[in-house]
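Letters A, B, C and D mark the chains in the order given here, with residues in each chain numbered from 1 onward.
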Amino acid sequence: MGEVNFHGVFPYLVTPVDTQGNIKSEVLARLVDHLVRSGVQGLTPLGSTGEFAYLNWFQKRRVVEVVLEANAGRVPVIAGVAATTTAEAVRQARELEALGVNGILAILETYFPIPESGVINYFTEIARAVSCPIVLYTNPNFQRGDLTLRVIEQLMKVPNIRYLKDASGDTGRLLSILNLVGDRIRIFSSSTHIPLCVMLIGGIGWMAGPACLIPSQSVRLYELARAKKWEEAMILQRELWRINQVFTSYSLAACIKAGLELQGFPVGDPLPPQVPLKEEAREEVRRVLEAVGAL
Amino acid sequence: MGEVNFHGVFPYLVTPVDTQGNIKSEVLARLVDHLVRSGVQGLTPLGSTGEFAYLNWFQKRRVVEVVLEANAGRVPVIAGVAATTTAEAVRQARELEALGVNGILAILETYFPIPESGVINYFTEIARAVSCPIVLYTNPNFQRGDLTLRVIEQLMKVPNIRYLKDASGDTGRLLSILNLVGDRIRIFSSSTHIPLCVMLIGGIGWMAGPACLIPSQSVRLYELARAKKWEEAMILQRELWRINQVFTSYSLAACIKAGLELQGFPVGDPLPPQVPLKEEAREEVRRVLEAVGAL
Amino acid sequence: MGEVNFHGVFPYLVTPVDTQGNIKSEVLARLVDHLVRSGVQGLTPLGSTGEFAYLNWFQKRRVVEVVLEANAGRVPVIAGVAATTTAEAVRQARELEALGVNGILAILETYFPIPESGVINYFTEIARAVSCPIVLYTNPNFQRGDLTLRVIEQLMKVPNIRYLKDASGDTGRLLSILNLVGDRIRIFSSSTHIPLCVMLIGGIGWMAGPACLIPSQSVRLYELARAKKWEEAMILQRELWRINQVFTSYSLAACIKAGLELQGFPVGDPLPPQVPLKEEAREEVRRVLEAVGAL
Amino acid sequence: MGEVNFHGVFPYLVTPVDTQGNIKSEVLARLVDHLVRSGVQGLTPLGSTGEFAYLNWFQKRRVVEVVLEANAGRVPVIAGVAATTTAEAVRQARELEALGVNGILAILETYFPIPESGVINYFTEIARAVSCPIVLYTNPNFQRGDLTLRVIEQLMKVPNIRYLKDASGDTGRLLSILNLVGDRIRIFSSSTHIPLCVMLIGGIGWMAGPACLIPSQSVRLYELARAKKWEEAMILQRELWRINQVFTSYSLAACIKAGLELQGFPVGDPLPPQVPLKEEAREEVRRVLEAVGAL
């Protein structure tokens, strides 16, 4: 793929698993093809709404194999690496690179709080273990703590740490990061209430689960932002926000999976003890998808 | 002042108090005059950085008298009302309206958690007690809880509740509010990391302490946003954010007061047991004000 | 009253206020008499369930006058002082001592975070302003932050700071404090799930709202603990805990006031925008009071 | 081992791992023997300070094999099962029972919030998969949320769910649980600031990492409590608390491992990116261990 330049909409791919724990490769491949044909600029398997925290290594590897094969080099694939130990994360990163991914989304899972020196070590070791670009992942909602500016300042010195996915939604934090990293590190935001502001601030796109459900609308939003048609873009973002607003009342992975079922992708339920959407919630998802033309 | 239409930059005026507890009216009047001449669209005494939580009623009333007299009708004055009881808030609102303020910034102080019905009652009673427009104030950082969408949905039915100052910085929340209230309620944001995004989303200005220190830069940012020169505006906002970024390390009221001292307004220190800035912090404030041309 | 030696059960007295804002002195006096006759070792007006945060100074002063007169020197009266500014707290403390209270429960109200040096200053100034003993109050539930060990270490040097009311319920924290202060400062705990453990650790009693409703049972628990009949005491505490367990579902001040109404003390509702108990909750309070023989 | 009746001190065994990721079986076996000879009533491998969150399945299984062999049936072994998915937890529980453990400490790891029905399902499926007794584990410090009373009320109906390890340190919560479960479920507490209170309330012992370092002192505390010598026990607990107080400033797993190294057990450092204690902290651990006679 030559020198990469990641940007645009990267859907967090859901992970369809059957009751025996096998990856449903046919439906995953079909979803990948659908998203690429809808114009997304990249694909991210094993992100948060890909339920990375609920999969074992054999499932994770199989997901990446299926995605790479279905994508067939059409768009960049940035796969999630997530572990509590540095050794395990390094192992995963190496194997995924060997499989052929174009980038690594590096996620630190924690149980005990980890001091800054440990956090720096974790991400640095992952980066050193591979030659592809690394996207740092930071999500204060589901992780303990956040990547501090001091940590980012150290990590930006590692050559292949080139991107940051910031799920904080804190524009002050984003401005501080941008004032710190300049063009050295590029910023992906999270989902549909913030991407336009992040693009205006200087971001280059977003990684998010809902883009699985509204790929063409997401790409349209991205293109409007890129063309600096900010007011027109904001009208679209206000409309798309209604979807995420519904999702905030429920489990995000359950919502995306329910929505994809409605769209004809039998991806199944989130892995137990996660709980699938109840009928009423499913109806709400249906209504809001219809309202934005995604059903 | 006829039918009001609040918009633009409303600095939260600091409250200069001498060691006997008297309001230093001369310096406050001079600051008011300076801000109005710098182009701000309004003034807000008794906001958070006005240390409303540290003043007794006699001090509060005197602040408003001095501001109204120094302003002499040039721009709208929206004064803060803050109490734990409905009765006290209603009393304050009536007295401030009688003094001549153009609007009330209504703040709920809490000790025990207050259920939604109590919150609705509090703001409704304040609004009914006066005829001027009410700005609802919501700040999850210093208050317990936030105004929920359900509460806002009820309060928007009260005729003179016309504005909301949202200090959450949560653009998802803002989109949800805007999708709920349409043009019925207008949104003011808080300080310099978020106002441009809020303007793009549909906000009408901001109320903030730092605008005391950078009034002309703030007005310039507002005008760029109003003229839809979003990229040019963002360059300015990124620059101005450096000021707020410094302030986040310290007490905001102490920073604004220290900065004004540097600008030649002897407003003194925040009220004890608040602690004034130490020398090193004062130097940092000086440097960042110089960097944006505010010294 | 000579050299004081505070210990035992100090009910936080509720504050009965009529719709005009006047203190209902007759019912408050009757409650005081009832509690003293029930054997409580002291009285604490203007504590948290006394709604100190919802009263103005005239109301606060009147409460203390009524309590002192009704008590007529039978038990020690420790009155709450609470303010955001040092100056106001000092003023309150002086006036309350002049009225004749035997001790001051010193409470720091906050809006902005206050650094340790400010916290130390606040409590030290209150202590210096009076000659009676000071009880430091610390409640992480309703205040921002807590008195740190470093702050307590400084404050224990002030001669008349002699007691600490710790509402944290954190026995590790209490052990750390006791290991720090030895016999220099005596510890009061809060309500009925923790007092026996705190007594075993080395505490000397408790200050709590529920003791208004179950004064004789509380005194019995205290006496069992003092007599080191720990197992017998624990049986009683497990029984009394059922009351507090009910209260945790609702507003504490509303529960205590509702319970007192059921016991024949027309103390009214908590001050708006606080919300009185609904009928169902009132029934639950009735049932649990009947179950412990308090109705 | 016949009908089990777990009670007393169960140290959370640390997990010694070499740089290749192998379990250091010799030192682990020696530690097990030392603890059993010191009188502990049971052993818990794969608890929180056993770094369960940092081990893969092969490491976990090896830990249990080594512990079972070194223990040789002298005391009950309750091993930790921890997973994000029900399927993986069930698999682990079955394998551990087949290895010969006497009980399972069941831990729910979470990423997305799990509703109560999912939590109930998770623990019920684990219990059904084995015939040995289950200890429910709940730790609000490192997990999201806590086992609610409603969840416990459902789970107490499952025949082999017989114990609860509650790490909350909230005596009110413990009283509520005890009032709910009666003798149906027995309570283990966590470490050295709370066990005496929990024993007085009705608990039957504790599971904790520090007991690795002070086994005989812990057993002495337990025996004093069992003999109802509460005041004598409290003197010992106040002394032992000094150890935990030191540990709260650092990572617990790092402290226990550092202390064991000082005692002659070369267990190594916590797994990266966890960070070992710095020299100064190590000295502090040394001093406090010396002070309680554990060095």
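Keep in mind that, in the parts below, a contact is a pair of C-beta atoms (placed from the backbone, for glycine too) under 8 Å apart; a residue touches a chain by one contact, two chains touch by 3 or more.
Since we're looking at a predicted model, the values are computed, not measured.
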item	value
Touching chain B and also chain C, the following chains	none
Furthest chain, CA centroid comparison against chain D	B
Whole-Å separation of chain centres (CA-atom averages), chain B against chain D	51
For chain A paired with chain D, centre-to-centre distance based on mean C-alpha positions, whole Å	36
Residue numbers of chain D (touch at least two other chains)	none
Topology of the chain contact graph, where touching chains are joined (line, ring, star, complete, other)	ring
Touching pairs - complete list by chain label	A-B, A-D, B-C, C-D
Chain D residues within the chain C interface of the complex	169-172, 175-176, 178-179, 193-194, 196-197, 200-202, 228, 230-231, 234, 237-238, 241-242, 244-245, 248
Chain D-touching residues of chain A, taken from the complex the two chains share	21, 48, 53-54, 56, 84-88, 108-109, 111-115, 117-119, 121-122, 142, 251-253, 270-275
